[in-house]
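Letters A, B, C, D and E name the chains as they come in the text, with residue numbers starting at 1 for each one.
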């Protein structure tokens, strides 16, 4: 049963991911990407990362993709915005990506050797345990992230503001 | 004392750079005279044996095995003397010429002197390399700023060419460094030991790495093509520095940093080096024959002379190396004289084409006399400085291999051919429009040329004291070489 | 009692001083002071030479040679050389000739060069020449001799090109110097070879060790040294500079190119008589070269029209004869002839100079003639010289030439015949010269004849003195056959005895000698008669340059085209090769390669920069491709 | 739950998504789509991290995903600002149009 | 550690300064603050402490690099004083710069992949903005765009690498990873190596090694000159420090995996960058290629990751940063009116302003590696290291490329000394003079006291 869910989610994720790439209309791409993100969120749930799944949906589908949509609408992009691509480009792009895929997959052969060190603890994905780790072990990165966001904010404002 | 010798010119240069005195040339000249005095003090204090004296050894970058280690033995002393005596003459030779930015010009000359003396006194491989390259920078700028037509391209070629060669030397030195016994160091004795401990094949590689650097600097055929262009384009003083002193760095390098370092490599390839040097003699002489530009002609003649010195040095005999020592001094003085004469002629006639000159002898007897004597020094007439060296060199080559000696001896004939032709074309005959208004030597010019003439004659008549200075040191270096060769057999 | 060694070292010092004073004072000294100074120092040297000579002649017991060592010159490793002098009979004889003849020529030159703007320069060179010549003959080792050897070459160069405004003269000077240098190289290598084999270059050490040297090495040494002599003494094939050297002022031709410098080769071979006697091959070579030169130059001289050129070829020819003597092992004859030749050839040149001087620098004998009555003293002395060179008894040339011919006869008949031929040719062209110059019609232009005058005393007195010497010089070597004791042989015997021991030359009976003398003298007279009939009675005058007919004549007149031959086979190819070397090997080849590497960098850069085409799409492609590659590299 | 799904599956899935992201970046010339594809790549990484985290029973992997999300958000903010800036200047968002800087 | 807080605090302070409209003395305050931070670093020197659950480790290595970053930043601020004063958004720019420096310090001292990632991102995001900070200029926009797009793409690979490494080792902590790798060297899954290589790719992009360098020339050319200077000094130091820290400290035991790839990258970097620089006519673009080229030499030092190489890399960066900064100062002074000047702008500079010309010459000579300037010692050290470890072939390539380097650096020198002058003379302020003089003196001191510098990181 779980495996079937996995297959389903994976199939939809990959299909919609491909649609992101191949859709002519950017708005469709955004929508397909949102579908992909939802599928990924489903995987998170499968992986016992419930909190992360929620955050994922909120941040990506809720914030980031909305931002994308805004920009697309702001710039009023449509299908004709992108010029025709040559076949050579298509083929080389596919070959490059394919080769990359082959290399990565090929490198994953040893995975079976990995033996789980201890029985699964379904609790690690919960807010409680994540919060503990984040505010003890990863306190500094967490704080530093604020600097990052501050920088991004200042930067975005600086670039976006009209003189 | 050694430190003073090395850094006093730099100090003076810095002061001149910064203070920019109105009469920089006078200050520079004074500084160079002080340097002469210092070198004379050193000479008098020098004990005539094979020991390295006045040693200073200060650690610099210990993790690189680099020490500021300098000292003077007989070989170094002669080279230091050559430098300190020629530099004032070179500075004086520029007195009539009002260079733009004079303070920079004279500062660079003094900086150059610092580097040259550093090269001749270094007892540390990396330090030697540092001074070696440091000498390149001032002369490059002298040529670049005050040079002649198309100097940008030509000087750049010169710079990159010589730099390329010396980088090979650096690789060789580093390779040796990692083979020094115990804690790695660039100390010269340690490098000697390291070089000798290497198998023959590796010694050959080191030999070539270092030989190429020296050969380019000298320059020896076929590594010479930067030289005629550079000599021609450089300002007179630059050419004098290049030909008078700087090319001696290459031969000095062979004597101190090549023959004792990789004896087996020298054994194996010494003959090749001799052959190309000797081929260079004939080759450069032939090309000098058909030169139309006076300066270029002397440039080629310099290649021929240096070829002989190099060949003699590679015989690894006392005769050859001593001949090289004395010939380096002689060539330095003679070639400076010749280039200065060219400058004098150029300054008055604005041409260096031999076909445009002629008849100067009618109006400038003093110049003619000087020219004749310097020319005789160049063609190695007995009782001039050139003969002592060439005789010893040809002698050593002849002993090494009779045929090679005979071919090298062709320099005696070919040298006469092109020098006499040059003299005839420039000085003899009737005056023409350019040379008719020629004025004879002025005071400054005499002050430069007369000492040169005196040195040329003195060296030719009584070279004994100078030969004695370097003899023990040369014998010592060759002993290092020969004991190694003997130990192989 | 003054130390004899000091005197010996003073001999070369005086001319050197003279040179320095005159040269350094530039033109500030007046002509008079310069003349006095220049002649005075030579005179002083001459006096000293006489003292040395008498000292040597007076010493009967032991080794009479005087050795002086001044200072160490070049020493490096096992090589040592010092500036040191050796005065033995041979060199003292040379000293006498050099300073004696030299003094006379100096005096002559004060008149000859009067008014020339290079007067003091001339005398400084001349003094310098004497200094080097003295070094040459006085050196006690090869290197000092070499110093003098090259030094005289230098002075010869300076004096040939003395009138430097004329580029043809300068060419001649260059030619002389360079040809000498060719010889000098041989000489230098010879010296080095000696050093390599003996370990010393002192004469005494070398001669002491000569017999220990490998015979083939001795041959090499002697041939190399002889190459030097070929250059200096103008032997085949290095003789062509000497006729051209007549470009110099006539006193120079007399002193350097007749009396002294060119005989340096003779001196050198004589000095090394021991070495030569050890190498039969080298001796043969000298015989061949000497004889060939004698004939070759004599035939050329037959057709020359320049008074000095004739004398020059005659000098070459005579030098050939001297070498012949040396090659035959008759060293003292060679030296003897050298001495007498010094007298009469100097005389002839000075006489020619007097003629030229009188005619306002006219040297072409076709434009002379009938000068006997205008220049009586010159004519008389010139005649003495001609008689001497022709070997008319009892003039000096007779004795010395006779000795050589006798030696040749003893050696082999063909050599003798050829030598006689050469000497008869000499007789012919010398009389042709004197007949065309002093006899017959006056062919000079009117203006010239108008100004013609006998030379001043300063010039004629040396002529007279030399005439006396030319006449009486032979007395030093009157052979036993003629009742003499041959004093010269005895005097030189300490020098030549070692080689004579090895060679053991043949001695002719007195009868044979008489017959030979008679034949030669008879032939000589016949030739004179022929010349007289052709040029005086027949009034024959050589044709102008353009009208020369007849193959042989033209060949002779053009000096066998040797100069052209050298030009074509050596000089032109050398320049051609040099030009090709520069254009092809230097510029396109080596430098081309260097520049090509630079250019290829720049063009490489031009290619490389197109990697950076500004398109992000392309950049990302390249990155992904690189990532794949890196994964391949790292994982496989 | 996770016991039934082998880890390799997740790795393969993540790899596939990552490669599709790369493919998109290579394939498209529209800057916004390219941004989105980059986001896809990051998400693939996130998925991988979470998978590892679960299988290793170590929550730090999930914490890391938070940081990635934060960074992604920041990047998008700045990136879209730059994009808008570019669009204002050139009236296009084709990545290859703007190539004044080259060679 | 305190230094890092101080720098972040300064960044926030400058944002606050906007509100209270404190602009005039802001740069001075920043410099003073950075100076204090520098002193804090010096005080800590010689200690080695871990902070915040092993997130950061301040050992001599990171302290030395942090010190270098802070020091260079101070000089950079000095140089770019007018960039802040003459343009709008002073406080924003200042804050971004300070955040960048904070990111750089983190990159030099991280002990956890999370910190590495965040450090890189703080630095990068600020830089994307700064590169585009000349909004009216199309070049600046293009630079920002290219930098951003390719930078985030590369971040994807870096993250993928981190994820794979995490998956294989179960930790983000560098010390733990290193220990794990050392003990499990045979039992590591294959994807661990893929992770290492992907991290190599991500970091190679940051240090702009060929073939991940494509952004660098374009971005350097398009960005405002002071930002270019900042990127080619401070940012480069930080990137190299991070690269070195992760590969020398963490992955040294699996060197076999990445050494071949690194060698290929090194050779490509040396050749392509130096070769392309030859043809450049714009000085900034030329310096950009040169800066890429220098990465090649530094990578040469990475090949031997033992104690000697740390010193060599550190010294090299010192020499390189000082020389680059001098060069950029002069370029900045010359391009007051016209951005993106060509090399011809240097024509006759020696006649107009010998002071600048000489300083520029020394800087270029140092960059070209001519003794006895510090650039030479830097090159020498990495060459010697490579020779010691038997990579003579690489050294030959490096020598050849450094000769090419001489060629293009000397084009500028020749222009300064040889050609006739072009453009007017711009008088230098005393501040700039003092800056140039100080940098030159530091350069000389680097030669004389090379041993001290080397011992800092030993």
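Observations
One rule holds for everything that comes next: a residue touches a chain if its C-beta (ideal position, glycine included) is under 8 Å from a C-beta of that chain, and two chains touch if they have at least 3 such contacts.
The shown structure was predicted, so the numbers you read here are calculated from the model rather than taken from an experiment.
Chains touching both subunit C and subunit D: A, E. Chains A-D form the pair joined by the most contacting C-beta pairs. Think of the whole protein's Cα atoms as having one middle point; the chain whose own Cα middle lies nearest to it is B. Taking each chain's centre as the mean of its C-alpha atoms, the one that lies farthest from the centre of subunit C is A. Taking the mean of C-alpha positions as each chain's centre, the chain lying farthest from the centre of subunit B is A. With centres defined as mean CA coordinates, subunit D is found 66 Å away from subunit B. The distance from the centre of subunit C to the centre of subunit E, each centre being the mean of the chain's C-alpha atoms, comes to 78 Å.
Taking each chain's centre as the average of its CA atoms, subunit B and subunit C sit 37 Å apart. With each centre defined as the average position of its C-alpha atoms, the distance from subunit B to subunit E rounds to 42 Å. With touch defined as above, residues shared between interfaces to two or more other chains in subunit A number as follows: 89, 92-93, 96-97, 100, 103-104, 106-108, 111, 114, 117, 137-138, 141, 145, 148, 151-152, 155-156, 159. Across the assembly, subunit C contributes residues 598, 609, 612, 614, 616-617, 620-621, 624-625, 627, 631, 635 that each touch 2 or more other chains. Looking at subunit D, one finds that residues 11, 18, 21-22, 25-26, 29, 35, 51, 56, 58, 60, 63, 67, 71, 74-75, 78, 81-83, 85, 95, 99-103 touch two or more other chains. Interface note: chains touch in the pairs A-C, A-D, A-E, B-C, B-E, C-D, C-E, D-E.
Considering their complex, residues 89, 92-93, 96-97, 99-100, 103-104, 106-107 of subunit A touch subunit C. Of all residues in subunit D, those touching subunit A in their complex are 1-13, 15-24, 26-30, 32-33, 35-37, 39-40, 43, 46-47, 50-51, 53-60, 62-63, 65-67, 69-78, 80-85, 87, 92-94. Residues of subunit A that touch subunit E in their complex: 103-104, 106-111, 113-114, 117, 136-141, 144-145, 147-148, 150-152, 154-159, 163.
Subunit C contributes residues 598, 601-602, 604-606, 608-609, 611-612, 614, 616, 619-620, 622-623, 625-627, 629-631, 633-635 to its touches with subunit E in the complex. Looking at the complex, you find that subunit C touches subunit B at residues 23, 26, 71-79, 143, 146-147, 150-151, 154, 157-158, 161, 164-167, 170-171, 173-174, 177-178, 181-182, 184-185, 188-189, 192-193, 195-196, 574-575, 577-579, 581-582, 585-586, 590-591, 594-595, 598.
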